[in-house]
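Right, one structure below, let's go through it.
For clarity, chains are labelled A, B, C and D in written order, and residue numbers in each chain start from 1.
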Amino acid sequence: MLMQDVGTFHPQIAGSSVSTAAHLLGLIPAVPMVAAGVIALLKQPRRKPAAALAIGSLGFSLLIALYAFAHVVADWASGIATREVVNFTWIQTGASSVDLGWVLDPLSAVMMVMVCFVGLLIFIYSVGYMEHDENFTRFFCFLALFAGAMLGVVIANSLLLLFMCWELVGLTSYLLIGFWYHKPSAAAAAKKAFLTTRVGDIFFFLGIVWLFNATGTLLFYNHGSGSMEGLALANLLTQHAGLGLTAAAAIALLIFAGAVGKSGQLPLHVWLPDAMEGPTPVSALIHAATMVAAGVYLVARVYPLMSAGALLGSGGEIAGTTTPLIVVTWIGSATAVFAALIAIAQNDIKRILAYSTVSQLGYMMAGLGLGGVAVGMFHLITHAFFKALLFMGSGSVIHGCHEEQDVRRMGGLKSAMPVTFLTYAAGMLALAGLIPFAGFWSKDGILEAAHSSGFIKGPYYLLVFGALLTAFYMMRQVSYVFFGKWRGHGHPHESPKVMTVPLLILAFFAVTLGFLGTPAWPWFRGFLEGRAVRFDLAGFSEPGLGMLMLGSTAVVLLGLGIGWALYGNKSPQPEEPDALERAVPWAWAALRDRLYVDEFYGVTFIAFYGWWARVADWLDRRVWGGIVALVTRLFGLWAQLNRWLDNEWINGGFDKACEELSSGGGLLARAQNGRVQIYLRVLAAAVIALAIILIWSSRA
Amino acid sequence: MTGSASPLAAYLLVAALLFAIGLAGALTRRNAILVLIGIELMLNAANLNFIAFWRYGPHPEALTGMMFAIFSIAVAAAEAAVGLGLVIAIYRHARTTDLDQMNRMKG
Amino acid sequence: MATTPISVTVDQIFILLRDWLTHFLPETLRPFANVVLGVVAIACVFPGLFALTTVFERKGLGRMQNRLGPNRVGPFGFFQPIADGIKSLTKEDIVPLNADAVVHFLAPLLLVVAVFMGFAVLPVGRNMVLVDMDAGLLFFFAMGASTELSIFMAGWSSRNKYSILGAMRAIAQMISYEVPLLLSSVTVVMITGSLSLTRIVEAQNQYTGIFPHWYVFTPWGLASFLMFAIAATAETNRTPFDLPEGESELVAGYFTEYSGFKFALFFLGEYLGMFSIAGLGATLFWGGWSAPLSILNFVPSWIWFFSKDMAAIFVFIWMRGTLPRLRQDQLMNFAWKFVLPFTLLNLMVTALWRFMEGGWLRWVVCSVILAGAYVLMGRTAMHRKHFGPRSYRYAE
Amino acid sequence: MSVVFYALAALTVAGGLGAVLLKNTVHAALAVAVAFAGLALLFLSLDAQFAGFAQILVYVGAVAILVVFAILLTRASETPAGGVFSSSWLAGLAIAAGVFAVLGWAVLGSAQALPLSAVAPSATVHDIGVALVGRYVLPLEIVALLLTAATIGAVIVALHEKERTR
């Protein structure tokens, strides 16, 4: 991590207005990374120090993050939109340089507090969850490394630094999905996740290169000369990239491809459900709350580029005119519905949540595309809390049901695991978007943005349908898990305190966090967009808003109702076909098999690669191998010629010369007979001769 | 060594004689230890020369000859220790201290 | 003369006596006569002390071992040495048939002469030193080193395996302990800045209040003295370092084949060695002839010297009555692995003392370093049984 | 020249001759100790007190002892069958005589140029000490290093090899 080495670089701090908080920011990713390094050196049985180091380092980061957040809030309260950057040169090549740096603005401040806080809770939860795992220290090493990398993504002020941390995050994701590498499914899932995200990352990298080529800098903000600032954007808008796109749009789409890969959007969503093979805290932290949100965060971060050239509405709202934003919106809403559909027909508790995550990420993308940074990010933050809560709750359920993950083999847990049930229910209602839970306010923001968008109506209907589906499949899951009769084996039990306390804390936020972004008091939006807000019930009286809220509540209640009607208290046996399956078996089969996307990839891309690999293999063996063999043979012949020359001519001559030398040496060797006294005698005789010569010559 | 001769010359002659005796010992004795003794005698003869020249030389206050002798004594001690150590090592190996038999480099 | 107080007269009584005796002689002979008188005095006093010491040692050891000791000759057996002397003079002088007669004869003589030479530089009282040599300490050690050769001669010339083994042991032991002996004395030289024993005594003959500036009352001095005492005990082949003459193993060591007067000479040489090394210890560390308290200055200086010497002899006897004998390898390991490193460290500490001018700080620093090192080295040596498994290297 | 000088010179030369000529190795070693002591006394007669005492301490006290130890350890005290002198002793003697002849010739040839007498210089221990840590401090350190190296070297050379002690 380069930011640790800031002392060896010379930070280019233009202007003296960079606060201590911004300077300290570099420590936030650095400390967990150092902790990861230290944990890596610990011995396997040293569990306590490993956990303490990881939790302590992240706690330290949280303190700094809170300090920076408080600083930003204080600035905002006094009417300043904070944007403090600390940049330094990493590589200097001639006139151009590659700069890295970090930025403190409301976006990064909110995000890093969320990552640190949720991460810390999940770390603590992991102490309980991984208690019996023999690779406890390795797990915490990876977790700390992940936290550091993720925080690096969050604070990065350079697309390159962001990309480095992005890849590090991908690496830790790979390592953690495959944490139980002895399970073939886990190893395969890890590979799948790594390769699938790599597809997006290649486009992302192309975008980075293009951006660097076009603007000469990868810094986002650099006092007017960054790539996300007016000058560079205007420059990009004037360049044309073909297909009717400007360079700005093309680069934005490429970068969005990276976000698609990381955030599991269509068509690269296939890795995320499989990633549930990893330990549940990993699912909660990486594949629900933070890493998958990194794609959304990336889009938010490069939002100036995405929206470059867009017309601004009267209220500063984006009118959604640029190609990238349209693409983002459509992909987001399509993903939201697509994943929600699949989630209906899944039976694995974590898989349902995984598809729900994909779906919600689609919401965030749509929110970004339609309503701007604040709308998408608000849903990201609330989602992070309640989805982490749901995953940890599911982990608690799995833990309590002796590693059982099939919802059909659970049931009636509400009495066996009351704390888990209550918190899970809070998370489920938040996810479903029931008033007044957090999810309601953030999802409502997205729906409102979609509804008021004057350009594209399709996404609105898709998103409403998605909301219905969401409420339905969550109700289905909760009914299966917590209601009815116990259908598993053994006796379920409540999880230990170290697991339930984080659940309670998260549940609290899942309920209350939404009040930061109600129409009456849009604090979050004001904070992100740098506008003053005040409490005003008149916010509800915007035209159409009341209807919208009522409508969405109705949709949610409808979804919940259908779910309860179909599954509530039924406690169907695992072997029985599902209630929906009986109704529409063909649709059910398609949904259960994830709409055949994996199979489609299997017969197209993967088959193509297989064929191509066989061709390469044939080339290797026959063509290149044949050439190599020919060259080998030629060299062999040449070597034989050389050997003959060597033996007959060179060695022969040498032998003759050596014989002469050794016979000559034999004569001299007689003088060296090992008799020290003879040597001494010669020495003394020589002294006599020397002395005589000396005296003689001095006489003369 | 007549009465009129310089005392320095007398000391130098004694030193020369001692040197020659030491050399004769080193050249004629078969025992390695006695050869070492002869060499020590030669060294001591040189020391006597140093001291004598210091005593009768032009600048005795510079202590040069004296210092030379003192250092020479110290070095001779080191030489004796190492030399005798070598003789003992060779004796352990070859079971002899006879120099006439000690003419092989290979053990 | 009339103005000198009586205490000074008593203090210098031997000097005055000598001057009175020599003033009959012509001027040119006086220095020579002074030396002769001094030699005669030494040659009388110390053998006399030797005679006294033998009887005291035997009686004292007797007390310690719950028996009477010699009590037949004279009052309380005090004339025992005279009887012993007559006996050894009249006994047959046996020289073994195979012995190297000349060397056998020369060995005890050389020993006694070398030991006597050491007294030449020992200041036994104020102005009472035979030769006030500039390099007195060096001379003393040079003479001490020469005794080893005579021990070898005695052991080798006897053609007896006990003798030669005893001699080898004695020489190995003396060489090993000579190094710490010298090094612990060097600390005194470092502080005094002189090798002259009279100068060393004079440097200690000062008082703060009534307390003297003896070197033994400083941290480095105490450490040096302890090391010196150990090394001196080994040098003189006294218990617990009396392996060279361990009677249970080697009969009587290197003088097994000696009898009669030659045996007596060895005996004498050994005790004279004790006197001289004890005197050196007193001179270096206990202020030589200076009084222990300034108010005791009226007591003649030579009385102080001889009381310190005798006190040291008493300690020798006491140790002989108390301590068992060491094993040879323990003895050598102790010398090279404990005493030598500690004296080397003490050398450093002394240098530190020399360059930390004044103040209580150097007391604390030096004491802490020495005590810490002592405890540490002692503990590790004991803990690891550093004094080693039995090894027969020296007895081969 | 005084009687003392002649006596000391005779003692020294006799010791040296004894070292070279005596058949018994131990006698030769003792004779060389006499020669060393004589040399020390010669140093004293040359007013070099410190060097004289150092000579006794080092040569009589240490080197002579080392030599006799070495003799005993190598069983060299037994007279070998082939005689004590090397087979070509005559050549050695001739060369030694030649060296003496050249040296003596050189000394006698320049005897007239040598000073007849000189005031006795003073070389107190203090002067020597100041010289040692002043002008000669570098040689002093080097000699210290050399002695350390020699001690370690001698110990290593003379140590039993482990497998041979079995």
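Operating definition for what follows: a contact is a pair of C-beta atoms (placed from the backbone, for glycine too) under 8 Å apart; a residue touches a chain by one contact, two chains touch by 3 or more.
What you see is a predicted model; the values in this text were computed from it and never measured.
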item: Centre-most chain, if every chain is reduced to its averaged C-alpha atoms; value: A
item: Pair sharing more residue contacts (C-beta pairs) when C-D is set against A-B; value: C-D
item: Distance between the centres, which are taken as Cα means, of chain D and chain C, whole angstrom; value: 29
item: Inter-chain centre distance, chain A versus chain B - centres from mean C-alpha coordinates, in Å; value: 83
item: Chain centre separation in whole Å, for chain D relative to chain B (CA means); value: 5
item: Averaged-CA centre spacing for the pair chain C and chain B, given as whole angstrom; value: 33
item: In chain D, residues with contacts to at least two other chains; value: 50, 54, 62, 69, 86, 91-92, 95-96, 99, 103, 160
item: Multi-partner residues of chain B (each touching 2 or more other chains); value: 23, 26-28, 99-100
item: Pairs of chains found to touch, sorted by chain label; value: A-B, A-D, B-D, C-D
item: Chain A residues touching chain D - in the complex, by the definition given at the top; value: 677-678, 681, 684-685, 687-688, 691-692, 695
item: List of chain D residues in touch with chain B within their complex; value: 1, 5, 9, 12-13, 16-17, 19-20, 25, 28-29, 32, 35-36, 39, 42-43, 46-48, 50-51, 54-55, 58-59, 62-63, 66-67, 69-71, 73-74, 76, 80, 82-87, 89, 91-93, 95-97, 99-100, 103-104, 107-108, 111, 114-118, 120-121, 123, 127-128, 131-132, 136, 139, 143, 146-147, 149-151, 153-155, 157-158, 160, 164
item: Of all residues in chain D, those that touch chain C in their complex; value: 24, 26-27, 30, 33, 37, 49-50, 53-54, 56-57, 60-62, 64-65, 68-69, 72, 77, 124-126, 160
item: Chain D contact footprint on chain C (complex, rising order); value: 100, 103, 133-135, 138-139, 141-146, 148-149, 152-153, 156, 164, 168, 171, 175, 178, 193-196, 393
item: Touching residues on chain D, where the partner in the complex is chain A; value: 86, 88, 91-92, 95-96, 98-99, 102-103, 105-106, 109
